[in-house]
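What follows is a set of structures for review.
You will see chain A twice below: alongside chain B first, and alongside chain C after that.
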Partner chain A sequence: MLKGTIKMELTRIHPAVYILYYFIMIVLAFILRDPYFLLSFLILILVLISLQGISSELKQIMKLFLPLSILIIIINPLIQKKGVHRIYLMKNFFITYEAIAFGILTSLALLIVILIFSSYNKSVTYQEMLYIFSKKLPIISMIIVMSLRFIPLINSRVGEVKKLNHLKANGIETKLDNNNQDKLEEFDTNISDTKFLKKINSSKKFQSIIKEAKIIGKIMGITVSWSLEESMFTAKSMKARGYKSYKRTSYLSYDISLTDIIFLVLIFITVSIIVLGIIQGYGLTDIYPSLDFALSDLPLNIYYFAFIIFLLPLIYLEIRERMLWH
Partner chain B sequence: MIIENFVNNLPITESGAVASSSLSIPILIFAFLLVVGIIYFIFKMYEQSKPTVESIVLIAVLTAIATAGRMIFISIPMVNLASFIIIMVGVVFGKEEGFLVGALTALVTSFFAGLGVWTIFQMLGWGLMGASAGYLSTKFDSIPFRFIFGLLWGFLYGWITDISALFYAGPTLEFSQIIALIISGFTYDLTHGVTNAVLLAILYNWFKKIFLRARDKYLPNQSSATATNE
Partner chain C sequence: MALIEFDNYSFSYLNSAKKERNKTLENINLNINFGDFVLLCGPSGCGKTTLLTNLKKELMPNGASEGYIRYNGTEISKLDDSISACEIGYLFQNPDSQIVTDTVIQEIAFPLENIGLPTEEIRNRISEIVAFFGINNILHKNVNELSGGQKQLINLCSLLVLRPKVLLLDEPMSQLDPIASYEFLSIVRRLNEEFSITIIMSEHKADRIFPFIDYAVFLKEGKIIYNNNSHDICNDVINDKIFVNYLPSVTKIYNELSEKYGKYTNTPLSIRQGRKYLNTIHDELIKINKDTEKNNCSDDSDVHLTTKKYNTKKKSIKDILPFSKDNDTLIRMEGVYFAYEKKNLILKNIDFKLNKGEFISLIGGNGAGKSTFLQVLVGVLKPIKGKVKYIKNLKIAYVHQNPMIHFSKDTIKEEFLESILNSGYYGSNEFNEKTYNTLLKLEKEKFIESDILNNLKFKNINYSFKELIDFFDIANLIDNHPYDCSGGEQQKIIMIKVLLQNTDVLILDEPTKGLDPISNKNMAEILNTLIDQGMTILMTSHDLDFVAENCKRCLMLFDKNIQIDDNPKLIFEENNFYTTFVNRMVKDYIPQAVTLDDVKSFWDLE
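And now, the complex of A and B:
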């Protein structure tokens, strides 16, 4: 269930470097507003994702993305009336070419950010994140590790309670059933006498919802009290074995390697060139008040090439890994 | 009209871009770092309070329960038990535990469901949900209050997580995108709110009993302190 728990890598990069790199990518994705920059961004990210092997998740991502992007593309021209190039749909009702272009560019950026995150989830495993976390917040990362262990336990307990509930509902264990049901339903006798709930109870739709909620609640409640009782033993056992008596060590460890340094230098150089370009207005096509964009305006300048070089290292590493294996 | 005039009179820079748009990027980054900072500060506060082993295990279990509550019942569409558990934790254990369990639930869920900008805002949303339940814990005995609280937080949580969408909106913050988000999220927020409200109305007393028992067993100091306050 957990993503990327096992990673075979010949070209391992320090997780902190990864996090920095992805953070810069996201910042760039929401600053840049140039069709050429965004399109090449999208293509390179798609290449990276296909190398990382994500195609099954792409479907789910599109499910999330498509309705939102359609809404943005439709609503933006209806509300936004800035822009010089007007398209009249009716006599007094117009939309502007600029507003449509803005909607499309925005949803493109949205798609890029979503793709960057799915790529990030492939590159950095949760153990690596916890490794960085545990340096500053040891107790919190301890809690996270523990709850990651408790989740499958609770899952199996819910399964057992569900089975028992199913057996009881089908009339097996009839004698015990009557006694236990009375006890379990104590919680709804307390509230049935208020006016507010009488009103709700009269509606049939609400009744079915409440019935459903009661079943879920029953299963959940039994599981919760069971888990809470059991975890007390965990706490006692931790105490007995001397938790806190000396400092905990991490089970993963990373050193900064030469690859990391080269990577960092590359990021630093290309990002500073890109930032210089952004200050001068490259990569930011101005949409309002008038979008004057021609396909022939190829951005053949150093800033664009720096941007492309900035996006390449991970693709290079992925390809090199493949070459080494085959 | 006023807005239109304002937009038309915005200073135009050399490259033609509206000057205010370049200002909003630092603002967004600042807002993001502020949220990260707040969450980090509260985590650090908990670390520095030197919690007992029982408290650590308790928070881990409650986080696991809330996370499981979000994932186990995935077959029933849009039923989100996590919020209910987080509110109950806030009410019974206090605002700090409520915030921690809320924020950590979002973080742990993101290990399964994928991490994104939204994770940090989910952490904030659920954290505030637990903390506010802790602040208002004395009022939870009335059913209408619980119902409204649950319903309201369904929407508030949706809106807080929608803030993350501003990061996709680019340098010019557009009103239309916020409206698109609110429309596309309305049914989800409504179901979330109604589920919360119904669960809080029906299961409150039972879960309170379960959690109170755990509190008395785990944290004898805290429960005696609150008992004297009450």
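And now, the complex of A and C:
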């Protein structure tokens, strides 16, 4: 299990159901363009995520996303001149009310999608994903598992090799002066003495870049040959344990439970109502050419409530999980 | 009928580079019965691994073979895929490189998924193995979080779920520390005793294995030289210069004693049996002891008076003051603290002086921070608090636990040339890039004989280049790729590189790891020669015998600090558990004997 993943322990939902559910959520986030729908979507997804626990990755993404969304909100009105309601900032320069609204709604939808993905990572472990894929794509799922092992391994190897490269001549020789450890970082470069290279050599910046590139090249070279050497044994050990002699099976098994069926039925009913609503235009506010939206237009209809119910089950399960534990 | 039969089996690798075909295995005749525990011994390159891989259809190397190997009456190459995969398990040396997936449970399930078992059966078998080994708590862990011993255990589990009849273990403990290897060994023994799994294991450190095995096979240059049960083989090899090194220390002592005092019914292999033997000649040993005590009375009292120097106690004011200068001191650590993570100190307030010409070893349990200590000392890791000071113009060489990562060139020749070029010790008249390129093109013999190289003078050693190559005995490897060399050879090559660079201090991280006894002896000889010529060496080791025989100063790391800093003989003499096998054996008679040579001189067994 990946670090930091706090999964529901007391309720098990089949990964396929999860995948379906999150997939519909993402589709809805792209289709819906109604401020009320999107706002309630955002609030409920935030509640779900706060129940599931905010990961450090999400914080990182948010740091990137917030300036980006502000940029969308600013740039869209500057470029997009469609729309009826014009707001003149200067004599000949105007932006439209519709473009601002479009920018806000788009960045809202993007935010929701990001949050859905983050929540998805919390709900479905990669092993459950593998279970879904391993039946159809056994080789690809094997490659994923192997790379999950290999990437951290190669990372730690790079670390070891890097350590040596802090020393001169790959650790074989370290020249140290009294209290002057900075000299450790100095490397010899053996660049042949053509005129062009001499010129480059004279420039300190270039020199340091070349040094850096050489060092990185060397580190990568050593790491790759080390890893390839070790990979030979990995391959042998796979072969020795009967890899490829039969059709692979999986040790993971997930049974469809009653919860899954109830969940599926709920998804089916609510989604069909929402789709009906979308066909009639509920949840899709027309922005261009003219946005006629008033705050008082509360969408108090069956479609909106179906949408809210569609978003509630995971929140309910998470809350119940807490209640059961305490 | 024997389970595995070698019938006049020979094997040679197909080597395109070399036309001449050396037989890697020659006329092997061997019968292994169901439930046997067989130990394969021999110097590295003698064909142990080739013999083991030839027993496993999937791993059979490319080459020409004569004769037959039969498993249960069928030839290995004609075995059914499923039988070969399931019934014959193969474990490699390096625990890390065998692991394919990222979690423990996935790794154990891997072979079962391969042979296409249904999910229920897979879970059944995993649960069984988990219960047997008690690895419930690490089942869902990521493999990166495990120790080397745990990793090797997981690898073993991953073979056992297939319910093998034969386990082929290729030096499975060479990368493990002594505690982990002892645990591993006891599990292997349990599998042999309780499930009658046939085990064929190759290993260098035989001290602990010998009491368990049914018989040992000693290989040399692809031929079986000795093949006998564990007790008798000790008598067989008594006059063999190579294989006598493979015997347990207990047996070595017994062999010396038995010449003088007569034989025991069975050759003792474990310390328990050895002590029983000593008991039979108890009176005579006491008598010698008294005689020697009379003769060396003055000496003995000296030994007993010098108690261990506990590093924490013995500190004069002169040592503490920072301005006190010692001309012999090359490196000084002053109050060094180090940690990888916050509030998790690895080293705490370490004061240490490395003096010129010393041969120091660093011992301590697994995870005591030995490697960290070395890396802080050479400056790879920066201490959080405290200073590491170096004398002016000091050149230090640091050799990593895995020597492989020091190499970046295609041939050993080029590695040497690079070292000379980088040393900065020779003027451009003596050695420059042109000479580098011309020398690189030379053939093996001409390269070694070349005047340019042989005219170079080295700072810390009196050999010329050719003498150096001969001394290290690697002349025939010089055109090879460094990766093609064995661990011991790689260590040697690095040491030559070090000498070519004219470094003053050599810092080695476990140079004795995975070496066979002969290479071990070689290494000791090389290091001692270097010390004699003025080199300073600091090394870590788990091999207490090596430390006791060679080093003059020994640091023991414990609880983040240097616990003891003294002569290793004095340390082991007073230890009861953390000491050499020889010392444990003869402790009641001569507590000050730590090595075999000590015993010989005390009991007059030359």
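Rule of thumb we're sticking to: the second predicted complex is superposed on the first by the 275 of 326 C-alpha atoms of A that agree within 3 Å, B and C clash if a C-alpha of one lies under 4 Å from a C-alpha of the other, contacts with A are read in each partner's own complex, and residues count from 1 in each chain.
In this text, a residue touches a chain if its C-beta (ideal position, glycine included) is under 8 Å from a C-beta of that chain, and two chains touch if they have at least 3 such contacts.
Please read all numbers here as calculations on a predicted model, not as lab measurements.
K.L.:
Output check: A:F30 vs chain B and chain C. Expected answer is one of first, second, both, neither. What do you get?
P.N.:
A:F30 sits against chain B, while chain C stays out of touch.
K.L.:
Considering only the touch criterion stated at the top, classify A:R320 as touching first (chain B), second (chain C), both, or neither.
P.N.:
Neither partner.
K.L.:
Taking the superposition as given, does A:V161 touch the first partner, chain B, the second, chain C, both, or neither?
P.N.:
second
K.L.:
Quick check on the superposed pair: does A:S253 touch chain B, chain C, both, or neither? Answer first, second, both or neither.
P.N.:
In the superposition, A:S253 touches chain C alone.
K.L.:
State whether chain B or chain C is in contact with more residues of chain A in the superposed arrangement.
P.N.:
The partner with more contacted residues on chain A is B.
K.L.:
Could you say whether A:R86 touches chain B, chain C, both of them, or neither, answering first, second, both or neither?
P.N.:
Neither partner.
K.L.:
After lining up the shared chain so the two structures overlap, which partner does A:K211 touch, if you call chain B first and chain C second: first, second, both or neither?
P.N.:
After superposition on chain A, A:K211 lies in contact with neither partner.
K.L.:
Is A:S225 in contact with chain B, with chain C, with both, or with neither (first, second, both, neither)?
P.N.:
both
K.L.:
With both complexes superposed on chain A, which partner does A:F117 reach: first (chain B), second (chain C), both or neither?
P.N.:
The answer is first: A:F117 touches chain B but not chain C.
K.L.:
Taking the superposition as given, does A:K244 touch the first partner, chain B, the second, chain C, both, or neither?
P.N.:
A:K244 sits against chain B and chain C alike.
K.L.:
After overlaying the two complexes on chain A, where does the chain B footprint on chain A coincide with the chain C footprint?
P.N.:
Correct list for chain A: 1, 3, 146, 148, 153, 188, 190, 221, 225, 231, 234, 238-239, 243-244.
K.L.:
Spell out the residues on chain B that touch chain A in their complex, using ranges where they run on.
P.N.:
Residues 4, 7, 13-18, 25, 28-29, 40, 43-44, 46-47, 51, 53-54, 56-61, 63-65, 67-69, 71-73, 76, 79, 81, 85, 100, 104, 107-108, 111-112, 114-117, 143-144, 147, 165, 167-172, 174-177, 179-181, 183-184, 194-195, 198-199, 201-203, 205-207, 210-211, 213-214, 217-218 of chain B touch chain A in their complex.
K.L.:
What does chain A use to touch chain C in their complex?
P.N.:
Contact set of chain A toward chain C: 1, 3, 127, 145-146, 148-149, 152-153, 156-157, 160-161, 163-164, 166-179, 181, 184, 188, 190, 192, 218, 221-222, 225-226, 229-231, 233-234, 236-253.
K.L.:
For a test of understanding, state which residues of chain C touch chain A in their complex under the given definition.
P.N.:
56, 58-59, 81-82, 85-86, 89-90, 92, 94, 96-103, 105-106, 109-120, 122-123, 126, 140, 142-144, 155, 158-159, 162, 375, 378-382, 387, 389-400, 402, 404-408, 418-419, 421-424, 433, 483, 494, 497-498, 501, 503
K.L.:
Which part of chain A faces chain B closely enough to touch in the complex?
P.N.:
Against chain B, the touching part of chain A is residues 1-3, 26-27, 29-31, 33, 67-68, 71-72, 75-76, 78-82, 102-103, 105-106, 109-110, 113-114, 117-118, 120-121, 126, 129, 136-140, 142-144, 146-148, 150-151, 153-155, 158, 186-188, 190-191, 194, 196-197, 206, 209-210, 212-214, 216-217, 220-221, 223-225, 227-228, 231-232, 234-235, 238-239, 243-244, 280-281, 284, 286, 288.
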